[in-house]
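Report on one structure; see the data block that follows.
As written, the chain order gives the labels A, B, C, D and E, with residue 1 at the start of each chain.
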Amino acid sequence: MELIVALGLIVFKVALLIAILLLLPLPLTWLERKIAGHMQQRMGPMRVGWHGLLQPVADGIKLLTKEDHIPAEADRFLFKLAPILALAPPFVVFVAIPFGETVSVLGAEITLYVSNMNVALLFVFAVIGIEVYGVIFGGWAANSKYAVLGSLRTCAQMISYEIPMGFAVIGVVILAQSMSLLEIVRAQADVWNIVYQPVGFFVFFVAGLAEAQRIPFDLAEAEGDLGAGFHTEYSGIRFAFFMVSEYAIMLLVSVLVVILFFGGWNGVLIPLPPLLWFVLKVAFFIYLFMWFRFTFPRYRYDQLMAIGWKVLLPLSLANIIITGVVFS
Amino acid sequence: MTAAALFQSILASLPEIVVVTGACILLILGQFVRKGHFLVWASVAIVLIAALGTLMLAGEVRPAYTGMFIADRFAVFFKFVFYLATVLTFLLSRKYADIEGIGNSEYYVLLLFALSGMMIMASATDLLSIYVGLELMVLCTCVLTGFLRRERRSNEAALKYVILGAVSSGIFLYGVSLVYGLTGTTQLDGMAAAVTGDPLDPGLLLAVVFIVAGLVFKVGAVPFHMWVPDVYEGAPTTITAFMSVAPKAAGFAVILRVFLNPLVAASDAWIIVAVIAVVTMALGSFVALVQDNFKRLLAYSSIAHAGFAIFGVVAGGADGIASVMLYLLIYSFMNLGIFGAVIMMRNGDFSGEVIEDYAGFAKSHPGLALLMLLYLFSLAGIPPTAGFFAKFYVLVALVERGFVMLAVIAVLLSVVAAYFYIRIVMVIYMREPQRAFDPALTPLVRATLAVTAAGTIGIGLFPAWFLRLAQHSVFGG
Amino acid sequence: MTAMEFLPVLFMVAGIVLVAGATLFVSSLLRPSNPYAAKNMPYECGMDPAGEAAGGRFRVQFFILAILLVVFDVETMFLFPWAVVLKDIGLVGYVEMFVFMLLLIVGFAYAWLKGALEWEE
Amino acid sequence: MGFPLLSLIVLTPAAGAAVLMFLRSDDAVRWTALGVTVLDLALCVAMLANFNTTTHEMQFTETRPWVPALGITYALGIDGISALFVFLTALLGSICVLASWVAIDRKVKEFMVSLLVMQALMLGVFCALDLFLFYVFWEAMLIPMYLIIGVWGGDGRVYAAFKFFLYTLAGSLLFLIGVIVLYFHGGETFDILALTAQDLPFQVQSWLFFAFLIAFAVKVPMVPVHTWLPDAHVQAPTAGSIILAGVLLKMGAYGFLRFSLPILPEASVHYSTLMLALSALAIIYGGLLALAQDDLKKLVAYSSISHMGFVTLGIFALNLRGIEGGILQMFNHGVTTGALFLFVGLIYERTHTRSMADYGGLMKAAPVYTAFLALFILSSMALPGTNSFVGELLVLSGGFAANLAVGAAAVLGALLGAAYLLGMYRKVALGPASVNARFKIRDVNAREMAAILPLAVFVLWVGLYPKPFLDIIDASVKHLLVQVHGKESGQ
Amino acid sequence: MVPLWWYISLGVVLFVIGAAGVLLRRNILVVLMSLELLLNSVNINFIAFGRHYDDFRGQIFAIFVIAITAAEVAVALGILVALVRNKPTLKVDDVTMMKG
């Protein structure tokens, strides 16, 4: 009986997560376009609904009903597999993400996370690594030059930034003595990691920008010179999958930054509910992402690689060595 | 591990540390200083410093790194074989690498790393450290094999080596995992203590078979010999020379450590090993008969020699171990000598890889021909060269344990092997020269030839000291 | 309870695949399908495509990057468990890993000097 | 330990070889080589002069540790059995140098070096008192001999050299196994004298006997494994043939005397009939083959097989006359057959043919040559008054005492020998002058005479007054017989 | 608790698949992938046994195996790149020049 309840709870949580993550891009796209508009002294979407609020819904319906086009020369199996492969990893990662300790619902204590893994951090990196397959398969299967080139570049970029990203969190693990995200947040009850790990945060955040393919690192999707990167040939709902995955990753990076460096749901000064603290912090970082997008120019590809390998990687290595000697 | 234990461990592994550090420094320095002479002498200096360290630490047995590593006399003996082979390879490489255009710092650094891998193998007392050393060595030699990037034979050889090497590692590891599953430890000392049941447990036997298979690959014995000829032919000749000696010795160091473990000794694995020895020697000897390419012939010859050395492993016991060790030492001298002669022939457009290329060599270069004759007769095992004493001692060990039949098989097969060495002598001495010879006889090559010749004839005439050295270096005794 | 920690992962994978499949199915009911040769051509800004796109000839730089990733990623694997227990093993443990990192840095410096990280040729 | 005379004898040629390496002119090489060999011969004469004939003990012994861990020593010493061979080797060494004076015209230095190294090793074999040392000398001989045949030989030299090398190597490696087995059964020592004192079980003895037999039989050569010999002899240069026939073939028989009989007495007695039968077979078979030859060198080569059959017959008769005869016959064969090869070589230098059909009436052209040829042919036929008569008579009487049938076969073999030798002499020396007048044959010159004369002296000396020679071997052979039969009868 | 022999059976199956792939497949990349299978079967064994004995050595060994395999594959790919530049093929049979 207990087991059934536990399993039911898990199923419920998973379903809720999927629902939230699938629906979140709708407001986020709207928000992004609005922010873009206002930054550029214009209004953004205004036609569909009040201040264009229904615009994302209209976009969704459009994508759902658009013709699904597969190029003649494509590898059909991989072409169809790639969007799902790109969509799944960010969703799966969220299984390991805690949003808070517990909440009381109808007198029962319910944890605000699906699973508390002791190796959650490794799990996050492992699963995010799978994302690359979606990218490379998508570009390759289309058999179009823009797509192949785009996928190769994206792939190279993602793997380049994965390394500093991984190194950047070592300091956090040293501090928390655990790879469990829950433990990491608990360890920040008094002092947030950002205090001890500013360099780690910097590296992680910049690498996160690149992982999420956001400006200033969205080289592969540079509309100007590469069409739309690896998903040039995708249309309709499959294209939507890639977009959803992209937003999910952005969300994921924000969440991770908050958990790893900004104390998670631990508040400061103002006693708000922990969950709210968490959401606010995440929202701030999402805003930061969007802000960057419309503020920074895009890097050249060689600059992109140089930043990853010649700046972030040495920085993260130095960070590990110094953190290690201080805290050992 | 406490700081004191760490210090002790560092002390015990000082030679390895020297080599690795030196290699690292050279790796970076080599990007700025590109003079060939500097690279050679720096590498030689690193090896010599390591040798000095080894010598200073040789006095006592030093276990280190919580039972993963040990600096004992057995390891010291093998390390000196490695130093010898590596230094001689460096000396041989100077000119050859220039001719082939591969004389950059990576070449020397990779050799140094391979050396450190072999040193770890010789000292390893845990299957994990054995594995790490093994792979370090294999990967470096692998890259070196493919160092002639523009040459397809070299690429092919390297690819074959790396794939087959990985397969054999996989098989070896599977055996290790079974041993771990059966005994709950990977330490060689712990293994024997942990086994409680029947030593003829089929699972254990299977595990041993797998480990044998993996290790046998490294020494190039049947049934994992097929890489040897291709790799020897395709690799740069200096690397071939190196590979035929040092990694093989390292493989035997591990085989001796693993096989003479009571656990394995109890499992009747010697029958398998004996079969391997016989088949290896037979295959190496017979297939070598029809080779035209010198490097390929030497490859099969090295297979045959590996077979002979495995006979020493079969014999086991203190004498068996000592015989294998002495065999490897002597083999290093004579094989590096003959390879030195082959390398020396590489000059201008002349490759000197085909046996017929040597026709009438004795006519214009009697001295060098005499040296080649010396090495070849030593490889064939004719007294008073060192090769004879090496074989003799293995036979003594075999007969001591009562394996007279094996000894008879071994000598009969070595008669077959003698045939193809003598055939080369025939070509050198009894043919009319087809061309003018212009061997690349630099002072360094001369020095190498002198050292190897001195070793080949010196150990042959005065084996007592080396024999005592080998006998004293046997572990556990 | 390892099972309870990783079971949700399975659920999540199943769930997301289910949702994606369902969406695709719904979409296939709604969307038109009208392929013809010109539409099926790969997008090349209106030019007729020539040659194979996925022919296998790429800049070596990509391979080098892939190899570097494999090496560095695996090194991370050693750092994580070490980081967890660093406070227990103290300075001695730190020194041991420091040596490891040093070797890593030497390798990295070598790659840098060798120009493996330069994208421009 | 005294004066290391034997070491000196063994090392003199080796040192001479080293000196030769630094000489440039061919003539200097020849003279130096001759000087070295003559010096060595003089040392051997000095050795014989000081030889004590009354004892069977090893004389002039010297012992130094070599590989103590395995009980290997550098031990030299001679008794009556080996003394004669040491002398014979040194004698033939000088003659070889003389015989190659002009016959070898290219790579003279290398040839002389090989020859001197060869001589050192052969002397070492006869002097060694340590099995390991013996084996090293024994096996190392392969290298110079291989080169002598392979580099300076006739047209088929490469094949012959290979065959020689592989046969002997295979045989001696099995011998090596036997040696190692003996080492472990005999108390972990390689000391021949100590091993002689061991009492091995019969089972072990017979295995060892066959292991040794293979090696020695190849060297002798006995019949089933003799096929390398005609090739090697025919292709080898004259000096090579002389060494092969004069010394190398003796080594097999010497091995029987030194190892098989004293160390494995019971097996030797047990298998003596087999050995006698093989010997008789060799005598008859070699004789028949010799009879069928047209090539002079082949004829002499096959006659060697036949003659060596006498030697082994004598040895395995296992009685005093047989063994003494065998040893003496070995010496005689060395002198006589060496001389015959020399003669074939001399004529070949002049005519470049060895076919008897090309010759005839040589007596007129070269009277001195034919006269001496007659002497040696008569010696080879064992005519009374020549050296072989004494030896063969002793062997035959010993053989008859041991086994009547074998003795009879040996007599038949002696008759065959008379047939082919006389036939050869008739074809070459007598009859009408050669129809083939291409050759301008000159008689022997002084240098050749210098090579021939000592041999002729020994032919007649042994033939007419064998006592000094028999005296040398007598004590040792008697002791040997005590070892063989004494052990068997349990005394 | 999953019984030990399940893991071992999985290991055996993977090992056999990997070995068969190495021996039978002709594409070098597929061969490399098969190698990974082979080595991963070893890792499964190690971890299962480590868990069985409640010993951390198995896991350590597995980590080392993974790391070294990565290096091995890196080397193999590097060599493959050099090879393909000289002769554009990925078929094992096309690569073979040396025989005998």
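Some points to look at:
To be clear about the criterion, contacts are C-beta pairs under 8 Å (C-beta built on N, C-alpha and C of every residue); 3 or more make two chains touch, one makes a residue touch a chain.
From a predicted model like this one, the values you see are computed outputs, not experimental measurements.
The chains that touch both chain A and chain E are C. Graph distance from chain C to chain D, where chains that touch are one step apart, equals 2. Centroid distances built from C-alpha atoms place D farthest away from chain C. Most remote chain with respect to chain B, judged by CA-atom centres, is A.
The central chain of the assembly on a C-alpha centroid basis is B. Contact tally for B-C versus B-D: the pair with more C-beta pairs in contact is B-D. Each chain gets one centre point, the mean of its Cα atoms, and the points for chain D and chain E are 65 Å apart. Distance between chain A and chain B, defined via averaged C-alpha coordinates, is recorded as 53 Å. For this pair, chain C with chain E, the centres built from the Cα atoms lie 20 Å apart. For the pair chain B and chain E, the distance between mean C-alpha positions equals 26 Å. For chain C, residues that reach two or more other chains under the stated contact definition are 66, 73, 91.
Shared contact sites, meaning residues of chain D that touch two or more other chains, are absent. Contact with two or more other chains is made by no residue of chain B. Pairwise chain contacts in this structure: A-C, B-C, B-D, B-E, C-E. Every residue of chain C that touches chain B in the complex is listed here, in rising order: 91-92, 95-96, 103, 106, 109-110, 113-114. Residue ranges of chain B in contact with chain E, taken from their complex: 128, 131-132, 135, 139, 142-143, 146, 149-153, 155-159, 162-163, 165-167, 169-170, 173-174, 176-178, 180-181, 184-186, 229-230, 233-234, 290-291, 296.
Residue ranges on chain B touching chain C, taken from their complex, read 1-3, 6, 20, 24, 27-28, 31. Interface residues of chain A facing chain C in the complex, by the touch rule stated above, are 6-7, 10-11, 13-15, 17-18, 22, 64-73, 83-84, 87-88, 91-92, 94-95, 114-118, 121-122, 125, 129, 140, 142-148, 152, 155-156, 159-160, 162-163, 166-167, 170-171, 173-174, 177-179, 227, 232-233, 236-238, 241, 301-302, 305-306, 309-310, 313-314, 317, 320-321, 324-325, 327-328. Only residues 4-9, 11-13, 15-17, 19-20, 23-24, 26-28, 30-35, 37, 39-45, 49, 52-54, 58, 61-62, 65-66, 68-69, 72-73, 76, 79-80, 83-91, 93-94, 97-98, 101, 104-105, 108, 112, 117-120 of chain C touch chain A when the two sit together in their complex.
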